[in-house]
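First chain written, first letter: the chains are A, B, C and D, and each begins at residue 1.
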């Protein structure tokens, strides 16, 4: 299929700048306020989709308050950037229990592979997206921060 | 590169030697508003006329191929999104299909359809970004914002589907990770329905505009033979008159089941490339509108083990990315990590043609030609 | 005493008022530009500084003044410093002859609504506005950098070519009015009972096209084409010096708009000054008519910028010399012949 | 830990991908020669048709192998007359491969060899053929730029990444890496963390944090800050 070039304009159309005026009319019509597309971000919070892959969180059991993590280390192995470190110890019954969990957010690329790998509903990428910080040091999230979830600074204007 | 084909300057004439002393070398980029990233073009100018051009690339080199050798097959996928970040879905599709080919599995039909829909939406969004920036380079700044408005709708669909807008990591080897969300079809249908008239709007602003015609017609001409010789692919090749689209010639995913045309140009100039891409957006829209009506049911992921270990051997698989032929050459040694992953980046090969396209033109045309090649530096430098 | 008041005090006050108002208008023209283009592009434009961004120009001005003033190594310091001033001053002193309204009475004294009424006002405007280009060329040259140099070369060529066509496009009006004074041109339109745009449509279109090119605005903004030459002649300028170039550009936009209004659209006159039935329009002060008309032209500038691509350098030249020039000359000849024929 | 991690990648020397660790991650030769897992999987099948005949006829000693693998046609040729074979493939009447899709290379350190791979495409039949040839380290090979000028940058990239020299190439210099970079990153003996520390120090004026990793193929990272 050959693309069709528009035919050459007639002299009359050329003299009266029809091609240019067509463009002008289109841009003029878009000035109506209803066509506006801007979101006033800090003032109006954007609605992020449910599946959004944002700040990580370690979920606790809502009833008992204990962590859902079984320290299987699958997330750490799935991570392409090797940014997760899971620490555990054996309990008396010989089961694994989570002690520390470090998530290096500065290297995370939010691919969601850790979330996919997690066999329990523990590790989750939440809808928090305001992750800017003043230092790289703060980007390493420990277990406490991961369980509390991100507390972004809310800008009002 | 030193060989000069096609349009070039005869440096031996008296007129040229007379003005040799006036040549000035201008470094366009790596920080320049319209080199689309960190491309540097060293221009040799005689007044405003380009006598020679040399591309300097590699400012964004991250060693993607090396990274691939050190990650498992599945882990490498999100890294690929960072190559052509405008068309991350296409990158993902090509790689997943290459590995599926090695594993001899095929994604289930439902996954194939969703792949087609998302990839074509991605093609539209990539072309929209191209149109916006190309028009902005030539000075029509409003088209840019209009294009981004429509692109935003597509990105919203991506975000709703997989949770990310740009670096989507949308497919997995063997099919899909995410089931379609409620309302996916309706959102896609709404977009498909409204999109053609938006394309008409861009065309109102540009196609017949005398300034646009003057800036694009007969600028950066690449004839058929040169285009083939230089390895140019995608819309640039088709605008030169070669009817080759991998979606038609070697159908992958579910493309064989859809009805669409492959637009080709005739003159191989910037204006033809513009028309071809505009038409491609309409055709992609057509594919999406067909696909969304008949998404089959069934599973979304073929049975692929948690550990992906393709057999020893190598495979080359290529797809039609928005920029051209995106090829993956994967060598497996039977372990969980690829022995070698080679990406054939379309922009990288297309950019080679820049030199012969700009020689003899003016500085302003260099900007137009860079824009019309539709390069993404993340893919060129990898 | 009268001498002091007439020739020192009143002009001084007028200069102060005009300078102040024009500076303010220029500042808010930048906001207008951002807002108009934003709305065309389905955006909102500046919204944060003040309600709907109304204080944005002031914030911008403060920012530019406080910014570091960088003179690039290897630049010609003196010329680099002088160039923005050389562009700004002509852009502002042109307003000396622009008539904003008719004479009015103040404390029993007849005062003109203009700083001065030169009998060669049109020539004065043309002459002074071409000086501004000197600053652009020198600024580009003195930066000792390649992009500014290219920008300066472009603007030099562009100005020279379009200056000629601009001059020719006005001659039709001058033939009709028989005077070079801007005030008398407006009065001639009042006496004729019709704006000259209806007698000189071709002349007006030519004038405005050339005017847009003269002020380096889209689609002729080649000297600063940001996608090609980064920022053209003011690439190396920063801070306050950059803002001077910026102000000068917007001031020249107002000059060209005012000239178009004065020469072709009846200056401060209300629409259809010859038709008595529309007398009620006289209740709107003449100055407001003038301002409204100028605003329309400023809007046109912005509208063009938002809608059209940019010409290429060689296309610009061929448009100027091969299309606009012949039409302008033909227009002069036809006007002269008609004027001669009708006067008999 | 080890018993539960199916995703365990062989994190040792990436070079030959043999884990060689105590962890039972990827046993390469399956110790139990049990039922039929071995023959499963795609096999190389000999390929012979008019095209191979034509190539073999013109270059009797140059084409030691022709096989298909997963539907992909592979032509193994000797390195001496690669450019000529490519030219023949481009112009042959049976199936003209007029388009060069890709040129790339793979490093096989055990054999001290590089495998060069040319991927050709035919507009007439929409078929592909992969031409492979092997060269020893530092051995030059003919450039394909005479046949396809588009091979220019592709070969430059191979030179940049593997150090393969192409004879007759018009402008063989580094393309993605800086001109004065030392080392060829895509060789298997070049570790992922390795870099030209000298270059970084000289041109960027920083001591790269990764210098601690030079020569140490380890994925665990300390605090690099």
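As a working rule, a residue touches a chain if its C-beta (ideal position, glycine included) is under 8 Å from a C-beta of that chain, and two chains touch if they have at least 3 such contacts.
These numbers come from a predicted model, not from an experiment.
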A-B versus A-C: which interface comes out with more C-beta contact pairs?
A-B
Based on CA centres, what chain would you say lies at the far end from subunit A?
C
Between subunit B and subunit D, tell me the centre distance in angstrom, where each centre is the average of that chain's C-alpha atoms.
24
Centroid from C-alpha atoms only, then distance subunit A to subunit C, rounded to Å. What do you get?
49
Interchain centroid distance [CA atoms averaged], subunit B/subunit C, Å
44
By the touch definition above, subunit A meets two or more other chains at residues 20, 23, 26-27, 30, 37, 78
By residue number and range, which residues of subunit C touch two or more other chains?
40-43, 306-308
Multi-partner residues in subunit B (2 or more other chains touched) are 71, 75, 142, 146, 149, 205-206, 209, 211
Touching residues of subunit D toward subunit B in the complex: what are they?
6-7, 9-10, 14, 16-19, 25-26, 28, 41-42, 44, 69-70, 72, 98-102, 104, 106-107, 117, 119, 123, 126, 128, 130, 145, 148-154, 157, 161, 170-171, 174-178, 185-186, 190, 192
Quick one: which bits of subunit C touch subunit B in the complex? Just the residue numbers, please.
37, 40-43, 146-147, 150, 153-154, 218-219, 221-222, 225-230, 305-315
Within their complex, state which residues of subunit C touch subunit A.
36, 39-44, 47-48, 303-304, 306-308
Which residues of subunit A touch subunit C in the complex?
20, 23-24, 26-28, 30-31, 33, 35-38, 40, 157
In the complex, the residues of subunit B that touch subunit C are 24, 26, 32-34, 47-48, 135-142, 144-146, 149, 205-206, 209, 211-212, 214-215, 362-365, 367
